[in-house]
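Going by the order they are written in, the chains are A, B, C and D; count residues from 1 in each one.
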Amino acid sequence: MTALAQRVPSRFLPVLATVVLFVLAFGVGSARYDGFASGQVVANLFIDNAFLIVLAAGMTFVILSGGIDLSVGSVVALSTMVTASGLQAGWPVPLVIVAVLLIGSTLGLLMGLVIHKFDIQPFIVTLAGMFLARGLCFLISVESVSIKDKTFRAVATAAIELPGGVTITYNVVIALLVVAAAMYVLHRTRFGRTVYAVGGNESSALLMGLPTTRVKVGVYVISGLCSSLAGLLFSLYMLSGYGLHAVGMELDAIAAVVIGGTLLAGGVGYVLGGLAGVLVLGTIQTLISFQGTLSSWWTKIVIGVLLLVFIAVQRTMVRR
Amino acid sequence: GGGTAPSNGGGTITMGFAQVGAESGWRTANTKSIQDEAKAAGIDLKFSDAQQKQENQIKAIRSYIQQKVSVIAFSPVVETGWDTVLLEAKRANIPVILTDRSIDSDDTSLYKTFLGSDFVEEGRKAGDWLVANASGPTTVVELQGTTGAAPANDRKKGFEEKIAAKPDIKVVASQTGDFTRSGGKQVMEAFLKSQPKIDVVYAHNDDMGLGAIEAIKAAGKVPGKDIKIITVDAVKDGMTALANGEINFIVECNPLLGKQLMDLAKKVVAGEDVPARVVTEEGTFTQEQAKTALPQRQY
Amino acid sequence: MTESPPPVVQMRGISLAFPGVKALQDVDFRLFPGEVHALMGENGAGKSTLIKTLTGVHRPDSGQVSLAGADVAFSSPGEAQHAGISTVYQEVNLCANLTVAENILLGREPRRFGGVDFSAMRKRAAEVLARIGVHIDPASSLGEHPIAVQQLVAIARAIAVDCRVLVLDEPTSSLDAGEVAELFRIMRVLRDEGVAILFVSHFLDQVYEISDRMTVLRNGTLVGEHLTAEVDRRTLIAQMIGRDLGALEAIEDAAEKRKTGGPVLVQASGLGRKGAIEPFDLEIRAGEVVGLAGLLGSGRTELARLLFGADRADSGKVLVDGAPLRLRGPRSAIAAGIAFSSEDRKGEGLVADLSIRDNLVLAMQAARGWTRPLSRRTKDQLVEKYLKALDIRPANPDALVRTLSGGNQQKVLLARWLVTEPRLLILDEPTRGIDIGAKAQIQQLVTALAAEGTAVLFISAELEEVVRIADRIVVLRDRRKIAELDGSVTGVDEVVELIAGGAAPEPEKVVS
Amino acid sequence: MKNRLIWPLVALAALLLLNLVVTPSFFALRIQDGALYGGLVDVLKNGAPTLLIALGMTLVIATRGIDLSVGAVAAIAGAVSCVHIGTSDSAGTAFAGMAMALLLCALLGLWNGFLVAGMGIQPIIATLVLMTAGRGIAMLVTEGQIVTVNNSAYKQVGAGFVVLPVAILISLLVLGLVAFVTRRTALGMLIESVGVNPEASRLAGVRSGTIIWTVYVFAAVCAGIAGLMISSNVSAADANNAGLWIEMDAILAVVIGGTSLAGGRYSLTGTLLGALIIQTLTTTVYTIGVAPEVTLVFKAIVVIAVCLVQAPKARAALSFRKVAVPS
């Protein structure tokens, strides 16, 4: 029932609110803690969460289409494992990268096909995918595997100097490129718009003659691809492969996307919302580690409370 | 209140400690020891809980670098994957101490010293005891820790290494109980039904062993007699069971590293030389030893 | 008309069964280029199902479909669309979360540099909308618009492409006379260009006005195919329902006999809501049927929603029996004996995945609260009563409402409110998509209710209907109440004049 | 509806059969100290908490919601009661502790309901708050230690027997109660109605807010009871690990049982079967000796197989029947 004048901003309100909140939280941190108000702290938010940003971008597609992908965390772990053991076995870096991306998208494709062809709920299928991917990690090795490859290490440790003495890593650049690409695909291509249509009303989209099959399967391929790419970034970040990497990361990704204003029911949301959501989660963590006096349990409670404050404030901002 | 971080030049030492989490009583005891000893030693402690995630530990370390603490200490969950962030610490001239477990890096200049126990050695100790105490054919069931977790891998490895010497001893079933009591109980229940004969339970920690005891009792058998139990850790509940005769042997894994850690930290910050490896004092307990040790047990 | 050109669509021996229902049995159907072909039949006859079989939504159990002489078996509506069949389905099947422009052009949007060209898209959408006389902002999101506008957008989507077959399943069910005229103008243009048009409507006037030929279905079987000019209404109706028209004619008499003027039941004074409807005064007496007349978007639905508390009013008050009523939401209205049957039966009316039984008793049960369930017996009695009274088919209380034909769904919604025995019954487009026999039944029912003392607020896009059964007509224009006509109204023309009189088209808003 | 439950049943039977083949003694039952003892009994006993939580989850999901906080709530319940019981062995203390715990859980459920119905926050995020903070609260209560108790009355809840394990009796009782309440009163229908079409329900006068509060409170209380069972079973409260990831198991049980995450129609019997399938799967892994590193792959395959067996489309594809596109 919003009047015409408010229409356009109202769509962006959740994302906007999240961004405003992020800035506010950052202000609070700067006022309270020495060394918080530095460009490097912001840069670290990106460096430490590059993989999550990529995951959230992929997850945005899936959630917008009305689905959910619980397998992403495990696919990240599997990707690190394949990367590490592939490099250990002496595969060339490009081959490893291609293999990892291929494995991720194939898994996504398989899950998408099962979901669509047999009409099984995405929750179950991707949960099975989650078990499978993690199980495959342990089949490769139950121990963690170090990455000793020179090229890989060079890329991982390389720092890109930005003005003001701030440094970032290649991971950040890749993550931002992924976000840009996701935005382009989602907002500018027919495929992207169809994702919204399918999420808004699947049977209508079908009756409108839109290629729902392609979209419903496609989003899982994209999410799988993003997960494996995130896995590569994670390998760079950790320089190791391990079956217990990224446990529960799917929840972080989903939370980030939803905090960014995307509706879990599908059809409403933006890639940038996911990015903002990741930054909010990252800021919460940074605030806590700057505080540095919280016991383990207070840490959890404070994370929960901050999360609550964020979403409650966001709700009230959006409602207004 | 918001603590501020004085830089190295100041009189007090600031230590950033990145704990793995609070996933077990052992870990909580470890945390408490570090917090208490830091206070006693007058060291300003920045503590963070990584909720069992390595990436969170890395983030915490990175934020300590940002806050310019005087020394960083942490218990790496996994051996691998620390090079990047430790390199950053090295560039920022902040010394690093590892506790609890070492890391797998070719570059030993990334950290000053490593203080902690050796999980493989713990497994070996358990194996030794069994080899010494087993007579005739012995069937063993193993309750593993979380699949893939370093202590689980190593305690299994060390144990197998030793019992290989005696072909009579066979591990007939091995399953993960996720280091928890209910996991240990459930797995043990199933073993009791699927295995015709079980002589020994080897549990990767006390909690799973305590769960197994419950299962054994429920099956109408006597733990410690009908089925012998070996565990690792020696937390208070485990020691009590050991003293009561329900567990037969415990390999200690000492969480009280606080004092040694603070001493090391002071030396490291002062630029003194420290040994590259400091092993914590850890023993083993039989039932008799447990009875005498129990009263002074702090955790 | 000689059948010189071959049919563009030919369906032979089509049969399709759903669990428990034989929706189509051995139906033959032909559609020629350059004709408007009406598909006739009462609610549940199988019209929509036949259409969905043609466009690949359903796969027939047996039978063959051919398009331009070649056998086809579409596996999705998309394929049918590619083959040149453009369809408007019965319920609005668009995406409320997308913009109007996207809803019209998605799947064939103009592109530039590989990406969607949004400004070109908006321009193109505005053009198509203008063709059917709709002026709304193509960048607004579809969900903001009332159901009638959504229906127009669906039509715009269908005519936005070149097609050889255009299928329109009840496109006019919530349009008023102006829009219908506009639509027919376009249909004629397309027909003259050689497009074959399949048209479904329960308005016989419209059918006779626009169609060249018709196919009649009853209970899933083919009854006959005629040239429109060769069948009169009586024969057609007899064919469709197998009954006579007598019932329909009895209504007017009943209306005459009824005397009104009971006590004032509901009184609204200065009730209004910004952006929806200007403050208005309204009095409804017990036993009175008040009709709301106005063009599409004139604010009738908004008025009704305010009275029911579905939206919060930001000015004015409502009195029931002279005592002020605090309208905090539908619950307080229901407690005061007000019922509201929404025009959007799919979105705001029915709970599609529940059974007929549950839908029927929902409002009554909600009013009682969950702790006081209706007994199984009472439920069965109620359900049986209304299944029969409204002739809902299939008469199986356990059938999911989702599987009912459009008209039967509408009847279930109406029945839900009748069950609560309201004192004021607000009916927003209650006869939308209802066949001629059922429409007569509903009109009869409304008169009967009024005779028993129930007040009725009746909204319908079909002015004749409003004039026929209302004792008093409230006229709205541009979201403002402009007149109130007493029982003396005799003809539609009088109302039309008022509705249209001097109305300057509001920019960016729906006008006809 | 009835028809649909055949397939989960088939899946369950197949899993049990697999056990029988590998371990012939799996079905063997014997009486020991007046209690039934055997593989099947273990499945029932260990599946009880999951079943209980899944019951609460079923209703939440039927309203189109989801509750991620149940695991944390279970941990809190165990922590509160064990800390209250301490070293006492009196039944009174045990009951007081449990009552306190359940009361607290009901409050937590109210809180979830407030966030979802009152504030209009998406359920997954609203309950994520308590999922995160709840474990912290539980650890705060136990101070991060595993609190061991030795209370025979308390032990009954999770490990006791009245011929059958008390835990499963409690769960079945709750199942019966929910079935009775939702099917005999109008609650079930109203829940489904809110789940399928919230707006239409509102316009029909359904108090959707109240209904949403109710289901979240119910889910939290179920989680609380389950938490008591889990901690009672091992006579200890483990704030960190009790009920860890049990929300996933519960959701999986609900979904396997045929209830759609999109809300609406739900099946309690389906949930019962779903929970049993999941527990049988876990027990199977232990019994047939799947190596730990293969466990997850094995689970993945079984879960997918179970779902494929059930999916109408998969069966249709196999028997080449026509498939109607939903409209």
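Heads up, the rule we're going with is that a contact is a pair of C-beta atoms (placed from the backbone, for glycine too) under 8 Å apart; a residue touches a chain by one contact, two chains touch by 3 or more.
Bear in mind the structure is a predicted one, so any value in this text is a computation, not a measurement.
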Pair of chains joined by more contacts [C-beta pairs], C-D or A-D: A-D
Geometric centre distance via CA averages, chain D-chain A, whole Å: 29
Chain B-chain C separation of Cα centroids, rounded to whole Å: 71
Whole-Å gap between the CA centroids of chain C and chain D: 44
Interchain centroid distance [CA atoms averaged], chain A/chain B, Å: 33
Set of chain D residues in contact with two or more other chains: 139, 144, 292-293, 295-296, 325, 327
Residues of chain C touching at least two other chains: 57, 76, 89
Per-residue multi-chain contacts in chain B, two or more chains: 21-22, 28, 31, 147-148
Pairs of chains in contact (touch as defined earlier), listed by label: A-B, A-C, A-D, B-D, C-D
Chain C residues touching chain A - in the complex, by the definition given at the top: 57, 76-78, 80-82, 87, 89, 93-98, 102-103, 106-107, 109, 111, 114-116, 137, 139-141, 144, 157, 274-276, 311, 508
Partner chain B, residues of chain D touching it in the complex: 23, 25-26, 32-33, 37-39, 42, 46, 139, 143-146, 148, 159, 230, 233-236, 238, 240-242, 244, 282-283, 285-293, 295-296
Chain A residues within the chain B interface of the complex: 32-35, 38, 40-41, 44, 47-48, 84, 137-138, 142-148, 153, 156-157, 234, 237-248, 285-286, 288-297, 299-300
Partner chain C, residues of chain A touching it in the complex: 1-4, 7-8, 11, 184, 188-190, 193-194, 196-197, 199-201, 203-213, 267-268
Residues of chain B that touch chain A when the two form their complex: 2-5, 16, 19, 21-22, 28, 31, 45-49, 51-56, 58-60, 62-64, 66-68, 77-84, 87, 104-106, 146-150, 153
